[in-house]
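The chains carry the letters A, B, C, D, E and F, assigned in the order they are written, with residues numbered from 1 in each.
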Amino acid sequence: MRCGELAERLDERLAVEEYADVDASANGLQVGPADREVARVAVTVDAAVSTIEQAVDAQADLVIAHHGISWGGIDRVTGTAYRRLAPLIEDGLALYAAHLPLDGHQTLGNAAGLADLLELTDTEPFGELGPVHVGQRGTAPDAYSVDALHDLLAGELVHGGEGVQVLEFGPDRIEDIAIVTGSGVDWLEEAAESGADAFITGEGKQKAYHLAKEHGIHAFFAGHYATETFGVKALQDRLEEWGLKTTFIHEPTGL
Amino acid sequence: MRCGELAERLDERLAVEEYADVDASANGLQVGPADREVARVAVTVDAAVSTIEQAVDAQADLVIAHHGISWGGIDRVTGTAYRRLAPLIEDGLALYAAHLPLDGHQTLGNAAGLADLLELTDTEPFGELGPVHVGQRGTAPDAYSVDALHDLLAGELVHGGEGVQVLEFGPDRIEDIAIVTGSGVDWLEEAAESGADAFITGEGKQKAYHLAKEHGIHAFFAGHYATETFGVKALQDRLEEWGLKTTFIHEPTGL
Amino acid sequence: MRCGELAERLDERLAVEEYADVDASANGLQVGPADREVARVAVTVDAAVSTIEQAVDAQADLVIAHHGISWGGIDRVTGTAYRRLAPLIEDGLALYAAHLPLDGHQTLGNAAGLADLLELTDTEPFGELGPVHVGQRGTAPDAYSVDALHDLLAGELVHGGEGVQVLEFGPDRIEDIAIVTGSGVDWLEEAAESGADAFITGEGKQKAYHLAKEHGIHAFFAGHYATETFGVKALQDRLEEWGLKTTFIHEPTGL
Amino acid sequence: MRCGELAERLDERLAVEEYADVDASANGLQVGPADREVARVAVTVDAAVSTIEQAVDAQADLVIAHHGISWGGIDRVTGTAYRRLAPLIEDGLALYAAHLPLDGHQTLGNAAGLADLLELTDTEPFGELGPVHVGQRGTAPDAYSVDALHDLLAGELVHGGEGVQVLEFGPDRIEDIAIVTGSGVDWLEEAAESGADAFITGEGKQKAYHLAKEHGIHAFFAGHYATETFGVKALQDRLEEWGLKTTFIHEPTGL
Amino acid sequence: MRCGELAERLDERLAVEEYADVDASANGLQVGPADREVARVAVTVDAAVSTIEQAVDAQADLVIAHHGISWGGIDRVTGTAYRRLAPLIEDGLALYAAHLPLDGHQTLGNAAGLADLLELTDTEPFGELGPVHVGQRGTAPDAYSVDALHDLLAGELVHGGEGVQVLEFGPDRIEDIAIVTGSGVDWLEEAAESGADAFITGEGKQKAYHLAKEHGIHAFFAGHYATETFGVKALQDRLEEWGLKTTFIHEPTGL
Amino acid sequence: MRCGELAERLDERLAVEEYADVDASANGLQVGPADREVARVAVTVDAAVSTIEQAVDAQADLVIAHHGISWGGIDRVTGTAYRRLAPLIEDGLALYAAHLPLDGHQTLGNAAGLADLLELTDTEPFGELGPVHVGQRGTAPDAYSVDALHDLLAGELVHGGEGVQVLEFGPDRIEDIAIVTGSGVDWLEEAAESGADAFITGEGKQKAYHLAKEHGIHAFFAGHYATETFGVKALQDRLEEWGLKTTFIHEPTGL
């Protein structure tokens, strides 16, 4: 498949245009000519020197990453920008990025993937950001205890570093769960005000402690990387259905 | 001392006005009439319901916090804003906030305090933010190993939660150290480009991993709370010199 | 009724959300927890120390004001902001504000109330402000003379200060009348260009004189306070229908 | 004198450039070619059809007005803009505008003129607006009573309409007086916080009532027009010194 | 016909309102009272002193120009602005401007007129600018050679100066042609990416050279003036149908 | 010399930082790691595929261009951005850009070079752009006639396309000449108002015609490329003095 054709198909599937005004990431094809032929795709969370080198080793023609390399425009191709672009160009790889579109997609996205893992039902969009949503909420058929939810997250997610951190300020029985993966603390209050028992995100931030305490909600910090492998893996399945070979490049950050 | 007089003295000592254009925090007197008489001051990292209640119990007249309650204006005094304001007003406490001015002050600030703990010399302002700096850098008289620096931070700082996390991508001998306390990952590249061996901040962020790796610099995440007790404690000393009684309200967040 | 439930009902009735982008006032519940129980409501034009104290004396649980206390965010709870918030919080009153939504509502609003007093017919929205209107225009079944209209306004409106001022530059017979209550001079030209014989607002402004003269339209300045008691009084009726007790707090400003 | 030369001299004398960033008025020469010869100048508060026609009758070559006709750019020369421009162009008059520069000038300005009338001493700039001031404050050698100050203003200023309105919330003896002429209510709080006993401006605004009451300061509304004849009259004297004939066009607005 | 009525009819016909947010030109009636009676209309590309004087000589009541005299507001009626406004006002002419609405209109516009000249078929809007288009593209029934297209443009358009300049980087056979008249180089890449063989605009810009070369597309610079006489001439026909007399004022700029 | 060291030396020499707020071009090192060793430098007007390829052929290590490849940030490295970056990265060339700093420098800049060619004396900065200037003006010791100035420009500048175009609206004797190279029409009025007899720039624009005519000034359009080879050639001399080999890559655009 031509790179440009594949990019257009992904743009459409992920509704990339709807996120254009609220995402600093230049989603879609970020690097490479549209007429490049693509047979093998490497998917990964972060486009960076080491993951790109692994994609080269895997003989990929295209890297699809949740975190690409253009955020608000590349002012100078020096330093880190140069180090990341050079291997892509020298080894002939293209790069496709899908940031918020892959957080908020209600079946393929990161939050949707985590909700599946927790077997939530009655799921609905959560995490308002202008006209779109970047997360998902749902109900646990059987209520979790704090320990059970902690252990499930700690056991199933690959963190590569710290474990799962909990601010234990909510009720004993956790049924209603709101999720924004990655760096989602800004939606903790929306979760509390909408009645969730627990809010799950990736990274913690200082202000979360008192907000969670004062709202009486549990906050789980399960790792930015660990909560954001779902989306690119879900894309992997679609790509294979479209006749492409795929490789998942795994480099957990521990963050 | 009158509350207004004390606030003016602190404003001047911390050069609050220089930070006005770059800090979302409304630094200075945030709550309370200027003519209130102040005898006892509670200092704390976060102004929140529980720390304010502890200040009430300590019979303080004024709370000085690194993180206040007004960030870009309080649109509605409902929810959390109400819960935090109500005890201040009902129990007659005033609130003074010093955010970035207390991060960047080169002798009283959080980074300066952490640099003291590490016994850095030849310290200078670090962490550009418009016209001001929010951190400090310096040289360790005897080079640290990664383990030694980790253990010093882990042993001396009170985290209340996770320990100190290290991205170990720098040299064996750590001499040149750059510090921005709290949420300082945005200055990791400035640290690397200026030749630092290690960068210390409070919270980790996902993007730090590959930036540290590609720049060949160590990144230490020693906790937002844990790295930001220095400033308010340094103020405590000054306040006592000015004849005021003080109390440090300690509520570590583990973040 | 719970305060939050009442606020939502009012938000909906007054279409508060439609005005969000054009009104500096934080319309809706401005102060107080949503779970407070409300039995008695005090309505008033201005939320300020003296009207709040009168509401306390009247044993109200909630104050509904046309002019609230949050305009573009409260940066510091000091000075006037403190003096107004303190009695609300100390005496357990909530505050609900409805500014432009209560100017522009076509049956409950201030302009609509004044149009009723003048017995205008064929009324329609007037006073464009982005996507909404903040006034009303209509036709007098029997034409007014300048003196008759002046006397009606002077006799029926409670000013508390100066009387009604007229810039007498329009035709002898006044049939088509445009109204924007309060501070509405900016719509004088819209009134003239749409063919109105007279424009009625609350406060005069210097530039109105020559605009009215050059457009050949009468301008009536009937007082900011005096033209803006209609809206909160109309709400009073609705609140009583909903089973709440109400009190109108009257403090004319003479402006 | 050539029009351009006169304009430059006025620009310099009034420090027009210092006000450029904070004034919507296009101060300086607003209409007319710079090479026009000027023998007679008409000065007036408002540039409008009737005052321009009076200037034509007075055989003036140039109109100097406090309120000109270009505020943020003339988008279309239709309606009022056409009616005002046409007589200027048809009858060969130029127009020079001096808005905030003529409010804030500490000897020629409107506030300075009113301070002179009140015989204030120890005058200093008042009314901060970015880098400049738009008013003046000073001390009355013998304290005024409210009635005495009211009567002096009512007797000496030509209003053409309503008299002088007072919000009587300050002390019995009025010594420290702050002045911003015209539409200056936004500086009422600065006046109160700086310890003034009374604040004098031209137009009243609704919010002034409770602010004055809560701050315990008198507010005098002496008329927009009436407080702003001082500046252009002071210019008249300078122009005569420069050998030009002058006429004061008086059209009080009553506002 | 009254000037205001004619202006409204043109506004509607040219969909002036749709262009309001993207055009610096104040499109519509720019100068003159709406109640002026119009019998003869002069149409021209540029409203300027010499074309206005020719319109006066032609005894026109209204000038319709592609380039008017108000772009983002007239700050001062001095210098050039004065020289252009004065003859309009002194000789009683009104001015109507239609900039982008007359570039992008798909039957009356400049690009549409040029497409007609080239006998393009299957025309469609081209040249995105926010919600509107400012050009047109279409297919030549018989492919042009570079020389044939050059000679046609050079022969049919009246330039008044330089001839037609070609950057000859496209294919031998030119079938698919995109047009944005005037200053349209910013759409050269859109033309190339949409598969056009040649892009025609008025003025050249330095950056066009390498963009055309790298995209393999021909760029024709046929003159700003020369490509923009189509629109006002098309309006001339409509005006005559509406019973008005018209004159085309021709002043080629050679640019 | 290391690339980073050379870039810093040029940044300082050209006062690059002073232009940072007004220039869309990311001036300074745009592409390449700072530690690259530089022996040979290719200088050129435009960084583009063909000039970069010529620099590769010339075995340059660094390209210095007046027009670089990053203008307001590279959003996507696709299309033209890819085609230009790829040969730089694949062949190991760095890229340094100097746009407005090389227009406005008063001895090395483009305008200064053109002023030298015309043997102007008493030169001074011309062409205000915020805090900097982008051109130069001066006096011809012996007045030029229009023909003489035209012939000098046409004879000495290498255009590669159209010749020199003149709008002949100024005086017979041309003594005072203002220059902004490249695309400088926006400063034509500043030239006229400051008394220049002729204004020289590179590209013409439609609006220049009537402005020049109404101001009575000659406008010479001598080609964007042709007027902008001076700056990079002047740098060539400095680089040779610093011990570097240099090559001038000449690709006239005819624009």
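The rule is short, and it goes like this: contacts are C-beta pairs under 8 Å (C-beta built on N, C-alpha and C of every residue); 3 or more make two chains touch, one makes a residue touch a chain.
Small disclaimer: the values here were computed from a predicted structure and weren't measured.
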### Summary
Overlaying chain C on chain F by their Cα positions calls for a rotation, in degrees to the nearest 5, of 180
### Task
Identify which chain pair among D-E, A-F or C-D reproduces the interface of A-B, meaning that over half of its contact pairs, matched by residue number, are the same.
C-D
### Task
Select, from E-F and A-F, the pair of chains that is joined by more C-beta pairs in contact.
E-F
### Between chain D and chain A, distance of the C-alpha-averaged centres to the nearest whole Å
60
### Query
Quick one: chain C and chain E, Cα centre-to-centre, how many Å?
49
### Task
Averaging only over C-alpha atoms, locate the centres of chain B and chain C and give their separation in whole Å.
46
### Query
Of all residues in chain C, which are in touch with two or more distinct other chains?
79, 83
### Task
Examine which chains touch each other and state the graph shape they make (line, ring, star, complete, other).
ring
### Query
Reading round the ring, first chain C, next chain D, what is the order of all the chains?
C, D, E, F, A, B
### Task
Mind listing the chain A positions that touch chain B in their complex?
46, 48-50, 67, 79-80, 83-84, 161-162, 165, 167, 182-183, 189, 193, 202-211, 213-215, 224-225, 253-255
### Query
Taking the complex as given, what residues does chain E use to touch chain D?
26, 28-34, 70, 72-79, 82-83, 85-86, 89-90
